[in-house]
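Please see the structure below; I have some questions.
Chain IDs A, B, C and D follow the sequence of writing; residue 1 opens each chain.
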Amino acid sequence: MRFNLGFSLREALKNMRLNPLMSITSVVTTFICLLVLGVGLLVSAHVEGVVSAVRQDVSVEAFFLQDASQEEMDRVRETVEGYPEVSEVTYVSGEEAVERFRQTFSERPDIVSDLGDDFLPASLQIQLEDPGAADDVARRLEGERSVVENIDYPQRTIERLDAVTSYVIWGLHGATALFLVASVLLISNTIRLSIFARRQEIEVMKLVGASDGFVRTPFLFEGLAQGLVGGGLAAAAVLWLNSLFVEWSGTALPFVPISVTAVNSLFVLGVLLLAGASIGVLGSFLSMRRFLKI
Amino acid sequence: MGEAMILFDNVTKVYGRDTVALERVDLEIEAGEFVFLVGASGSGKSTIMRLILKEVEPTAGSISVNGTKLASIPRRRVPHHRRNIGCVFQDFKLLPNKTAAENVAYAMEVTGQRRRSIRIKVPQILSLVGLAEKSEKYPHELSGGQQQRVSIARAFVSQPPILIADEPTGNLDPDTSMDIMQLLDRIHRIGTTVVVATHDRDMVNALQKRVVALEDGRVVRDKVKGAYADEV
Amino acid sequence: MGEAMILFDNVTKVYGRDTVALERVDLEIEAGEFVFLVGASGSGKSTIMRLILKEVEPTAGSISVNGTKLASIPRRRVPHHRRNIGCVFQDFKLLPNKTAAENVAYAMEVTGQRRRSIRIKVPQILSLVGLAEKSEKYPHELSGGQQQRVSIARAFVSQPPILIADEPTGNLDPDTSMDIMQLLDRIHRIGTTVVVATHDRDMVNALQKRVVALEDGRVVRDKVKGAYADEV
Amino acid sequence: MRFNLGFSLREALKNMRLNPLMSITSVVTTFICLLVLGVGLLVSAHVEGVVSAVRQDVSVEAFFLQDASQEEMDRVRETVEGYPEVSEVTYVSGEEAVERFRQTFSERPDIVSDLGDDFLPASLQIQLEDPGAADDVARRLEGERSVVENIDYPQRTIERLDAVTSYVIWGLHGATALFLVASVLLISNTIRLSIFARRQEIEVMKLVGASDGFVRTPFLFEGLAQGLVGGGLAAAAVLWLNSLFVEWSGTALPFVPISVTAVNSLFVLGVLLLAGASIGVLGSFLSMRRFLKI
């Protein structure tokens, strides 16, 4: 028997038209599950974005000897900029440092007034790609002992941040995986029930001589269509929510580093469509097996 | 004498643990024969039909159709076996989401026939059973007898070599029943092997065909030109 | 002459947009009468049954059962109306998740009868229709005729004042059919109003009851002591 | 007709036994949905716990005049301790303040060596019940102008923290509400399908004279049983996960203030059982309506 694609497609469409309740139920279930999954992806992406922005705020400070010459300091600066772990280096002169100190203690004129204009040394503020590299960078700077007097970085904060952020990211990945498993189970439950409701039809088809494939293909197309519609709607909703959120956070939480680029729209769309389609097809396939055995 | 089209060799069918539906049935139906299966309610007529279709497996004994032992047909090839058999089911077994015409067409579609030949043949066959006007109705919009006639139309639309009909006139008035029986007779005359399970005494007596009578799962009578209730 | 138990007054039933199933039917069935409904397949017999049960509403005209206009029964009271009517359905309508005995018992349970009286009566009625051994079987484990007999048993287990039977012997052999018809006759003699739609010519001719013949949704013959096909 | 509770219960049990696929599907769906909902409640509770612990770390500092007497300072301290917004007050003497300053800048002896021993004033560190009250407390302290010289609190940090934490908490509540709605929809979808698969049964029951209530009650009991089992299993799983998490976090994240008491076990159990039962019963009730109309 030659495989009849057109027939299967027509059958699938006809069935969805005739059983709107079941089709809508499947689509709604897929939509909700994948919406939750997509929102999970969204939150994951933003939290990861914020966390990595926060991690990049960690810096190593290298204070120069009071008598270091400008050329030496420039040379060290260039060397440090060449380190692979380093993302950005800023030079802070002694005067700038005092100015900042004064600003910090501006409400305490009693402290500030006693101090001279050059009691603080020049320094390099070294931004790192990864706060875990602070130790390495500090050790390399030891080599510049002739110029650099003192190296300062918040070791304990870095350690905590490292622990917390890695746990948070693991947690988010775990939650996303959990949602995925839950979605697969929930959607395939729905599919199983809707195929269970039509088990007698499947039996009759088999009895009048239809092969397994002939019976199955329209159901698979139905599953595919429902999965794609559910997944597509979910992706649209997720992307819409994301743009709303990014816009809102720009005004409501200006100091939290949230960016649109944290979420890759095509990735979300792809994942949700693929998840919907594959659960729909595979769920239909597996649910049908027991009813085809006649 | 032709070769055996349907051969039951010492077939026993037990449902569940202890419902003996057929007991040591030997039955040989030749190609091109017309056979009535008669017997009281529960005597095993439908079970014979189901065994021929390979819907259920015999508990003991073996069945051959067209020279092939059913037990040797792999699951994958069962649809091919069934496409050689047109079947009118006692409970019709129409597809609820298909119209009368679509139900009939489905039996042609499973064999991969051309859409054009389907479009020509389905209306022909539906008007043959008197349902030309009902072709676009769904089963739940048809009367019992109309559903039965759709089931009949579906069974012989692809002109299979074997036609088995389980109580095909149970929901039909005597006139329509006679039309259907004459249709079966015509189908038989073009060479089809026909097996009809029926309770219709008038029909059996009128057609004067071979009659196999069952009683509690055993063949108790087998006459070449029989009536519904011969004295044994 | 008794009062009208079932009264059809100029009843028309149109399904969908243009399927006229009944056209201006006037029918009066008195309490305690026994009426056969005959007619070709699709002539409207089942539709009359459905209208009496208030499963469907007439398109025009009015129907009274036991003096009450069906149109005036509120949705909430429909179950009470139905409990006065035992119905044998053409397609049996058994509950698939209940055994034969449970199916019969259900009709008593809906009327709130005692469990003890249910436990006594159900086996009695099942053996009356010859199914004593099958009482613990589920419908899919029964033959067509056995399912039909369960449906019959369910219809009269609570001894309703009205019994309507749609093709009650379509899947039964002549002997069992005659038993069932005699059962219906006995039920009729204890005062029940009985309406039977049937194609069984022998039966109708043998019992010599009132026969109402339908043709394309119209009453074309109504004879007090009729045969299946009188000359009009 | 008298109402027959025993009959309905027996019917419900029989049906669940005969249709294990459908019962299991309903239970599994309820379990998964409520598990996700419960985990949401859990995360919510812990995040709220951590957030409110962090908020309590915010303090107002009141610096005393250099010439304020010890009695006056003690009086002010007692007054402040009486403020309802205040949870804790710590007195820091001038010497202690200098000591802390020296420690902070211990790696910068060049700064510290220049300073005397009493250049910093004594102060009160005021812990608040709610950082939002910092302004109020500061305003009240204005009344103590004779003793208190300067009031200092991280206004910007408080504002940010306030904004972020209130958004986080709103977000969590929103997510929980979303999960609840999603759960209701998903579970009732499943119920609708399983009742759809049995619509013909319902029709037959109505045709042989059963009243709506008679048909419905066994289905409601089924819904109730499935909801309770699903909800109970979900609650058990959630509470188990919670104890695991609290135990794990005690060793893995000792510096994050996570406590078992953040989650009220009875509350979780109650919410999940109630949600399961009511969705089960209500879903069955609503899904049946259209099929009872015969």
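Throughout what follows, a residue touches a chain if its C-beta (ideal position, glycine included) is under 8 Å from a C-beta of that chain, and two chains touch if they have at least 3 such contacts.
Remember, predicted model here, so these are calculated numbers, not experimental data.
Fewest steps needed to get from chain A to chain C, stepping only to touching chains, is 2.
Of all chains in the assembly, none touches chain B and also chain C.
Of all chains, the one whose CA centroid is most distant from that of chain A is C. Put simply, the C-alpha centre of chain B and that of chain D have 67 angstrom between them.
A straight line joining the Cα centres of chain A and chain D is 24 Å long. For the pair chain C and chain D, the distance between C-alpha centroids works out to 62 Å.
The set of chain A residues touching two or more other chains is empty. Touching two or more other chains at once is no residue of chain C.
Because contacts link each chain to exactly two others and close back on themselves, their graph is best described as a ring. Pairwise chain contacts in this structure: A-B, A-D, B-C, C-D.
Against chain B, in their complex, chain A makes its touches with residues 1-2, 4, 7, 14-15, 18-19, 201, 204-212, 214, 293-294.
On the chain A side of its complex with chain D, the touching residues are 21-22, 25, 28-29, 32-33, 35-36, 39, 63, 66, 107-108, 110-111, 114-115, 119-121, 150, 152, 160, 163-164, 167, 175, 178-179, 182, 185-186, 189-190, 192-194, 196-197, 252-253, 255-256. Partner chain B is touched in their complex by these residues of chain C: 15-16, 19, 38-42, 46, 90-91, 137, 141-146, 148-149, 166-167, 170-177, 199, 201-202, 228-229.
On chain B, the positions that touch chain A within their shared complex are 53, 55, 75-76, 79-80, 82-83, 85, 87, 89, 93-97, 106-107, 109-112, 154.
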